[in-house]
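Labels run A, B and C following the written order; every chain starts at residue 1.
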């Protein structure tokens, strides 16, 4: 148990405008971390720059553990490859150079877990939004990553699918995968969080344990946000 | 109008009688063009995908140059290839001038920029869609290019067919480097030019209709082949 | 698919390994006569030589020879031929045969070419009436012959230099109902005559001498001089003489074989 990654003075600018930063933040390598905050507060940018998808303008992001192949990212609007459902699941393992038999076993396993075994051969682009998101999560988890980043994976999904996804995520976290997840649902954050990061206006306004969400908020902005007020 | 009718009749008889000369030059047309397009795709598709995936200095300049090369006049290409392959030129010892190989070389130069440019556009759109995912999976450059080519193969077909369309109807370059030698380098387009020169418009037009039909058959065949693979569009 | 491509590649690359073949650059006027279609199979039968024809204008034929890209040229432009040999591009010049040029024009003959007595007079009549005349304008043997025929006339908008081959020029003349100069063979085999016909012929100045020039083997390593000489030998033989003298289009003899004693 220790630190997973450290952000120091991280600033991201786009077209001369500061999107986030400066941010100093340390993420621990265990327990789900929920990133909350209003729209446009920089949750997505924080996740992307921490993961390494987006370039930072200044500052440093240091991964304290070497996990390049043990990371995965689930995006808010799931990207599906223009292939069948099964081939989507197989893809990350093909990248790792697994042999066919092992890939097929893992794919069959996950098709059952997300309830898409009947659509294995269906083009993934024909799936519904909820099915796509489940597929994207399964594709992220099929490598059994040490770290999983998720950017509002349940936005726009119905309650049933959200519950399915949360069940998968809870099991994943219990199996030892570190979750870093941006979410809009305060209920979801409370159900999953061990650590919490509250973003406001491109900054980490407050961070701490899960109790931050349950009456231990330090700042009036977080208190107001949790009450459902509009915070800027 | 009568000429067109005569042309249709000439085309009909050429095809119905299975004119051996027609079959020979049609096959040579296909052979030269398909080989040139295949080579053009082997170069242009990975290059187009690379241009979509990789950022580098002067990338925009390279893309502009490729787009400009799409407009290369075939006659100029033919002349350049002629000068290079001429016995008095740098590659004269290879003895390639006035052979189908010389025609293929000229056509590769003509179609590759076109294929590269269309492939690049198709790959750029797909890359915008795949960018985040492929980066997050920590893929190598080569894996990204392979994924884009495989998943974008339907769009790449358009690039190949555009190259085919440009090459099969091309006459300026292959006339110069092939020489329109009977039995050796005569193809449909150079035969059409020859018959036009003789004032035999009906035969020229007839060959033209055969060329159009051939081109359509190839297009339809490739499209139907790509459709039967899996059941439909993505 | 890959096998198909591979097979194609093989067949393509295989085509330049043909044994006993040579490349002969000829002029469009010679090719349009159709004489080659009867001579080439006979050459193949007699001496086993596969002659590949490159049909171009005299100017381009001589360029191909100078670059060493053909083994011999069969052209019809005396001055250019002499220069070609003087520059060391060709070994020697052998006169094979001649045909003649004819002046073509609309049936109505606005310049009254029919009543003239010489080629020069015919062209002068065209110039004076300013009737439209289309010229090859492509530096070919026919073009050079045409230029040599003009007396001092004032060229104006009625004179259209095309920069095109004989067939294209005849097509243009037919479409514009204009005068032009053509070799007799191209004219007889031309299928799109329209309203045009022969208005003047027979002046010895219109004779069109064809010569065979083997390309100097020193121009490049791949030049097939032996076969070029074999071809020349065949042309100087009895078979060639008989075939050329008896060749007819629409019952008209086209070529006159040169007596072998006139070869240089």
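Convention: a residue touches a chain if its C-beta (ideal position, glycine included) is under 8 Å from a C-beta of that chain, and two chains touch if they have at least 3 such contacts.
If you're wondering where the values come from, they're calculated on a predicted model, not measured in any experiment.
Distances from each chain's CA mean to the overall CA mean are smallest for chain B. The greatest centre-to-centre distance from chain C, using averaged C-alpha positions, is reached by A.
Chain centres here are Cα averages; for chain B and chain C they lie 33 Å apart. Rounded to a whole number, the gap between the C-alpha centres of chain A and chain C is 79 angstrom.
Averaged C-alpha coordinates give centres for chain A and chain B that are 46 Å from one another. Considering their complex, residues 31-32, 34-35, 38, 86-89, 92-93, 95-101, 104, 179-184, 194, 196-202 of chain B touch chain C.
Chain contact summary for the complex, chain C toward chain B: residues 5, 8-9, 11-13, 15-16, 23, 28, 32, 52-55, 66-69, 165-168, 170-171, 174, 189-193, 219-223. Residues of chain B touching chain A in their complex: 126, 129-130, 132-133, 135-139, 143, 147, 151-152, 230, 232, 234.
On chain A, the positions that touch chain B within their shared complex are 51-53, 68-69, 71-73, 75, 79, 81-84, 91-92, 95, 123, 125, 149.
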